[in-house]
Amino acid sequence: MVLLALVVLPALAAVGAYAHRAPEWRAPWLGLGAALQLGLVIFAWISPPPPLFDGWLALDALGLVVLTTVSVLFAVVASYAVGYLRRENPRGGRAFVACLLAFQAGASLVALSHHFALLWVGLEAMTLAVAPLIFHRHDRRSLEAVWKYLVISSVGIALALLGIFFLATAQAAAPAGTRPLVLEDLVAGARQLHPAWLRASFVFLLIGLGTKMGLAPMHTWKPDTYGEAPCVVGGLMAGTLTSCAFLGLARVTEVSAAAGIGPFIQPLLLGFGLLSMAVAAAFIIGQTDLRRLLAYSSVEHMGLLVVGLGVGGVGAYGAVLHMVNNALVKGLLFLAVGNVLLNLGATSPARSGILRRAPLSGVLLLVGLFAVTGSPPFGPFLSEFAIVSAAFRGGHYWIAGAVFVLLAVIFIGIGARILDVVHGPASGDAPAPREDPWLVTGPAMLALAVLVLGVYIPRPLFEALSNAAGALGGWPP
Amino acid sequence: MSWSGIAAVAIVLFIAPLLPGLAAKTKARLTGRRGAPVHQLYWDLARLWRKGAVYSRTTTWIFRFAPVVLVLTGVLAALFLPLDGQRGVVTFSGDLVAFAYLLALGRFFVVLAALDTGSSFEGMGASREVTVAAFAEPALFLALVALVLATGRLSLTGILGAPLAHAWPAAAPALAMVAVSLFLVLLAEGSRVPVDDPATHLELTMIHEVMVLDHSGPDLALLLYGSALKLALVGALVVAVIAPRAALPPLVGLAVLVLGLMVVAGIIGVVESVMARLRLDRVPQFLTAASVLAALGVILMLVA
Amino acid sequence: MQGLPELLLLLVILTCFVVLGTTRLSACIRAVAWQGLLLGLLPLALYPRGGPHVWGLTAGTILVKAIVLPRFLRWAIREAAVRREVEPLVGYVVSLLFGVVVVAAAFAVSRTLPLAEPAREMLVPASLATVVIGLFVLTTRMKALLQVVGYLMLENGVYLFGLTHVERIPFLMEAGVLLDVFVGIFIMGIVVFHINREFDSLDSAHLSELTD
Amino acid sequence: MTLFFLGIASVLLGGLSALALRRQASLAAIAFGVLVGLGCALAVVPAIRVLAGGVVPDLRLSAAVPGGDWVFGVDPLSAFFLVIVLTVGAASALYGISYLAPEAEHRPVAASHLLMSLEIASLAMVVTARAAMPFLIAWECMAVLAYFLIVFESDHAEVRRAGLVYLIGTHTGTLALIALFAFWAQFAGNLSFDALAAASPRIPAEGALVFALGVAGFGFKAGLVPLHFWLPGAHGAAPSHVSALMSGVVIKMGIYGLLRLVILVGAPPAWWGWLVLSLGLISGVLGVLWALAQHDLKRLLAYHSVENIGIILLGLGIGALGLRYHAPVVAVLGFAGAVLHTLNHALFKSLLFLGAGAVLRATGTRLMDRLGGLARRMPFTWTAFLIGSVAIVGLPPLNGFVSEWVVYQALLGSAQVPAARAAILAVPGLALIGALALACFAKVGGAVFLGRPRSPAAEAGGEVPRSMLGPMFALALACAAIGVAPMIAVVPAIRVGASIGGLGGGPMRAAAAAVGPSLLGISLLAVLLVVLAGAGWWLRELVLRRRPRAWSDTWACGYAFATPRMQYTAASFAAPLLHAYAPAAGVQVERTAGAFHTHPKDLVLDRLVLPLWERLRRGAFRARPIQHGRLGSYLLYLLGALLLLLLYLAVRVEGVGP
């Protein structure tokens, strides 16, 4: 029942938030949804819930990791949104809060569903729930952004659906009694899957889910969307949506690894990964718009994830861990940038000197900078280290070399911009306002989490990661 | 520490002022003049020593301290050379570095003293001095390295002692080149033609003389003596390379040294009478040539 | 050419060509509506004795794809005070030729992808062709509304392929997919409506402000 | 080890108290000074014990993240560098108190003090870490904290730029190190140094890749040419006590890393020894040459750091060669020379930077052509600075001579090693470096302290407070002590050198015996110099007491000596040498009717790195049209990717059957 509750409660909260017209009730609804879900997740850690609906809903290690990440991120975003709704109340905020909760419900569904079609439904639900959030300003730019987002990601998700049908077709020869499109049976009967159909389905799922993750060249919607959406939404998309899409890709990889078509998928993963990192690097250099910068950084990290899947071994462990770190860091960065925009005005062209006007947000931004560029002692360092050492171990010296070069270039690009924002000449001589605790606490929590994950990985988490890696055909370091 | 060694040091310290006089005399004779008496410098030093001193208001203690340091470093450097042909008064493995760096210490303070006056002329001289030194130093060390390779010793006493005598027949050409380059270094260190012209009277063309423009009285005396001593020491080095005297008894060795120094001074005189001073921006080429000679010697040793 | 399903599939492909070839928006919408109707009939043709599951599927499909969505789209352009021509990036003739090539390629590719039950073998090429032609319309037509139409065709293609698994994928699933598609198109329509209001045209060429 | 961590804790506490008590400045200063000083004093104890031949047990924390336990330990190498870190760190921190005090109202001084203590702590962690993870963490903390220390005056654009260049350089280096360990990990069970060392024989090509990456990664930190390009700007822009720490200690971590690498992997391949040797020679000569070209006092000192890193690398290279060619004494002397010069350079270079800071405080300018005549106004600063200058030029009777002499010994010793004889060619190079350094510091002393003031600012300059002179003279005293009694430093250095080569007590004793008498000689020489100089001075005074002494203007060859502007400028002083070495000197000469100017250009940064980056940028901007905003083509990319993959599918479909 826990599993069902995980999906249904946020959905109900969404309905409640939409039905309840009183503005002062929005924050409570949001908080309620987030808190309930977080509580359920903790409960799920303590006592693993049994599968539901003949295995359609189940919670394995990978799902648990994703679920935990997204619900933590959502809790933080919710707390931030409270302060945010005070500052600029996006058109009453009723639809806003409702969509946030609906989005979260979709995310939980993706994390829990072991039935591919169900997973697809969840992803589509998330995709659609975000659209109004992007469009909340109702101006031309956000209109354009949401249009591109809708069309491109709908096309992607449609192709993913086709891929899922292919998967079902590949399963056609399976013995009677196997549940179609259910992960466990697919993995169990992987050797009987029709290789041609399996490959075809992998190709379509890679394109489709890649579009949602934002792998180059399907990433084009990302900068526009992140650039226009409010930072709360941006953080949620860069953290949750990408993680869920990655989860989908990881599921297919599970099946493919079990079916032994690794040699077929590895070049695809490595190619898309490196291409994404390269494109991201090219667009990060000289990027002035902070949110677009973060968008391209997200593209880069998606590429890194896929490279991790591609090199396999410890790389799989690294990829899963990096998914967690990336979600937290992206949330942190988007919220910190949100504070920058609130403090220095979203319109002023040359934003800088945040460290003088809003020291806490400035420090948070700095933490985000060094975390996102994979510097020790922050979490992403460990995961990137795992990925590159796996690349070396697998003999992909050139891959590793390329990754390092791109990381260096990307660091220059991001560092130059962010440091300029942090301690350039303070623009706007108006006395800095007190920093709203609602707007600082959440990101601070994320910063703390990222730091802790860099120096201490709790035992249960490590086991969960190891099992996830094992399912992906890899192993822990 | 042998008595002959100490005596040798004393003698060199004493005859040092003779060498510039000898050079000048030779030059005068060759150019058909009579020239100043050989012991002229002794008289000059004595007179200066008895004089008082005039100081620039710009100067500080450095200005007055430098002459002492110059002489002192010269004297201490003399202790390392095996002047009697046997062994230096003080000698240890690697003392050749100490020898060179002592001379450098003296130079450093003299240059600072020159800059202490704030005069553009002495600044100019200082600048030229360090430039010349920067080119002379590698040549000197290349020569020393060649000797180290030839003898396998690391102390001046060692590389100028018996092993050198044995090395000559084997590596005559290399050692000859080394000797020549050392002589060129001597011309530079002693600020002689063609690097510098002690006899000129135009400040713009001087190097060493213009540096000590502001010193007077005993200070000037110390400076003049110090530079003469430096000339003598490098000269002794040249003599020791050309004529290793480890086999000879100390007194004979000492005599050979004195004789050799005279000859060297004479040669300097000859050079000065046949050559003109180089343009200052040609000096680097000249000293680089010295380095190249020594380097060739080293390479010969290495391939041998 | 044996049996009803093949005939229906052929008609589906023809509707694709109509969309490629016609010059008027309303005609495109009508074509897509027809396509929806055909898609609705296909399950019945494929699984004559499929039971309530198949009936429900047919009903839902026809309701959503043949009636509601086309009406909705028509409403969108009736609101829009715009010229009703397609104004394609790629000319009609070329588009049609492309369609032919795609269909041929689809048949060729689907040979390498054998189905479990050969009776349905024409489903694969038909769906592939519809998908690719839908993508083509999406990329080459500048009118936002036509891009919606293209997306609808794409979805139809996917749905076609889904029909190979009617008995394996339970009804709930189908319903979910159908619902998602419906909501997706609906939101798109709303955005189109807004685009109209903002720019007084459905021309998505206006939407190219966000660049690097 | 507990004592060590106690000391570090006290240092950190000092930093925190500086931040906590920032309202009461004087109290904060006292708390910071006392706690940091005490902490350093405590933490240095175990290091001294180890250098005296004792043993300190390791501390091992059970693994919290993958990669094995976190181990901390103090072996001779760590101990030696620990001494450097703590002495120079304490001096810089204490100096910083009153150096930063005038800025208190408009800049975050307390934060800077906190950063300083954190920096000292992370430096100590770097040299004690015994596993890759804590090492990398401490390394990056050191690098990033240093960045924030540098950009203290972030309101100046050039400071921000210098900081950014530094950060880019150091992060690139860190990436190389991460690559190093990531590559190494595949051969080892875990990432503790013991495991890595055990795995080193399994590295292909006798660890070629590891050593290459090591030179790249640690080279960036050490600032060897051509990886030095971040260094002059950063050292120039930072507050002076930070420059002292950076130049004295932080860049030395690169040296530490290389030596640690030799310890872990064992005898490096021959090419590596030759590579390091030649890099040392290049860095030494070019560093001092470029220093000559500078007009900014602190940039000049920064380039001298490059030069001295070169000298250190000469020792390191000959040590590696000695190790490879089984000449233990040469190896020990080479490594000993390297670490000893590291210590000495840390002492006199931080002394010089603190002196430069004093000048900056007194006059407000770092441009040498605006200074002059400070010897009268700041006699104590001048004395300390002069001691530092003599030391850095490597002249007796100070410590610089001792370490350069040891390096000379190692290089000359290679004459006995047939395979490494060519290394002796580095000797004249080292001599050239020395001569150029002499020229450079004659220029500095002359332009800054001697002659007459060249600007009102220089006229106004007065002596700095005792609290700033104290650290300077402490460092000067250390320089003199090592110069007069070399054994106190050389013997531990030889112990360290032996430990680096993994050589036993035998070679260590042999090396000690080889240099023992010479050390006595050097010490005797130093004593004679000091005593006789004093005696000579006294004698001279005695003589002159009975002579008439007059004071007048400087003799100007008949002209009246008009203005200070007629003095020789630093630019003109260096001109002949730079002219002789053009184009390697990298100066743009500008002659006008009334003036002669030289504009220093960094051959690597200005001629290579920045143009390359500019090209990269332009290339990146050429890719911008991809994101031109039209939905149609975005979908086309998607379609293209799909078709490409389908093609791949078609190609790969046969082959693997069901």
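Each chain carries a letter (A, B, C and D) given by its place in the written order, and its residues are counted from 1.
Basically, a contact is a pair of C-beta atoms (placed from the backbone, for glycine too) under 8 Å apart; a residue touches a chain by one contact, two chains touch by 3 or more.
Quick caveat: nothing in here was measured; it's all calculated off a predicted structure.
Any chain that touches subunit A and also touches subunit D is listed here: C. The set of chains touching subunit B and also touching subunit D is empty.
The greatest number of inter-chain C-beta pairs in contact is found between B-D. Distance from the centre of subunit B peaks at C, each centre being the average of the chain's Cα atoms.
Averaging Cα coordinates per chain places subunit A and subunit C 31 Å apart. If each chain is reduced to the centroid of its CA atoms, subunit A and subunit B end up 77 Å from each other.
One simple way to say how far apart two chains are is to compare their mean CA positions; for subunit B and subunit C this gives 99 Å.
The mean-CA centres of subunit C and subunit D are about 69 angstrom from one another, to the nearest whole unit. Residue positions of subunit D touching 2 or more other chains: 624, 626-627, 629, 631, 635, 638, 642, 646, 653. Each of residues 144, 147-148, 151, 155, 159, 194, 196, 200, 223-224, 283 in subunit A touches at least two other chains.
In subunit C, the residues that touch at least two other chains are 112, 135, 138, 147, 204, 207-210, 212.
Chain pairs that touch, as defined above: A-C, A-D, B-D, C-D.
Subunit A contributes residues 144, 147-148, 151-152, 155-156, 159, 194-196, 199-200, 203-204, 206-207, 211, 217-218, 220-221, 223-224, 261, 263-264, 268, 279, 281-283, 285-286, 370, 373, 375-377, 381-382, 384-386, 388-389, 391-393, 400-401, 404, 407-409, 411-412, 415-416, 419-420, 423-425, 454-457, 462, 476-477 to its touches with subunit D in the complex.
For subunit C in complex with subunit D, the residues that touch the partner chain are 89, 109, 112, 135-136, 138-140, 142, 147, 204-205, 207-212.
The touching residues of subunit D, when paired with subunit B in their complex, are 372-373, 375-376, 390, 393-396, 401, 404-405, 408-409, 412-413, 415-416, 421-422, 424-425, 427-432, 434-436, 438-439, 441-442, 445-447, 450-452, 514-515, 517-518, 520-522, 524-525, 528-529, 532-533, 536-537, 540, 543-544, 547-557, 561, 564, 566-568, 572-577, 579-580. Residues of subunit B that touch subunit D in their complex: 49, 51-60, 62, 64-65, 67-69, 71-73, 75-76, 90-95, 97-98, 100-102, 104-105, 107-108, 111-112, 115-121, 123-124, 126-128, 130-131, 133-142, 144-145, 148-149, 152, 154, 203, 213-214, 217-219, 222, 280-281, 284, 291, 295, 298, 302.
Those residues of subunit C lying in contact with subunit A across their complex are 112-117, 127, 131, 135, 138, 144, 147, 151, 154-155, 157-158, 161-162, 164-165, 168-169, 173, 176-177, 180, 183-184, 187-188, 191, 194-195, 198-199, 204, 207-210, 212.
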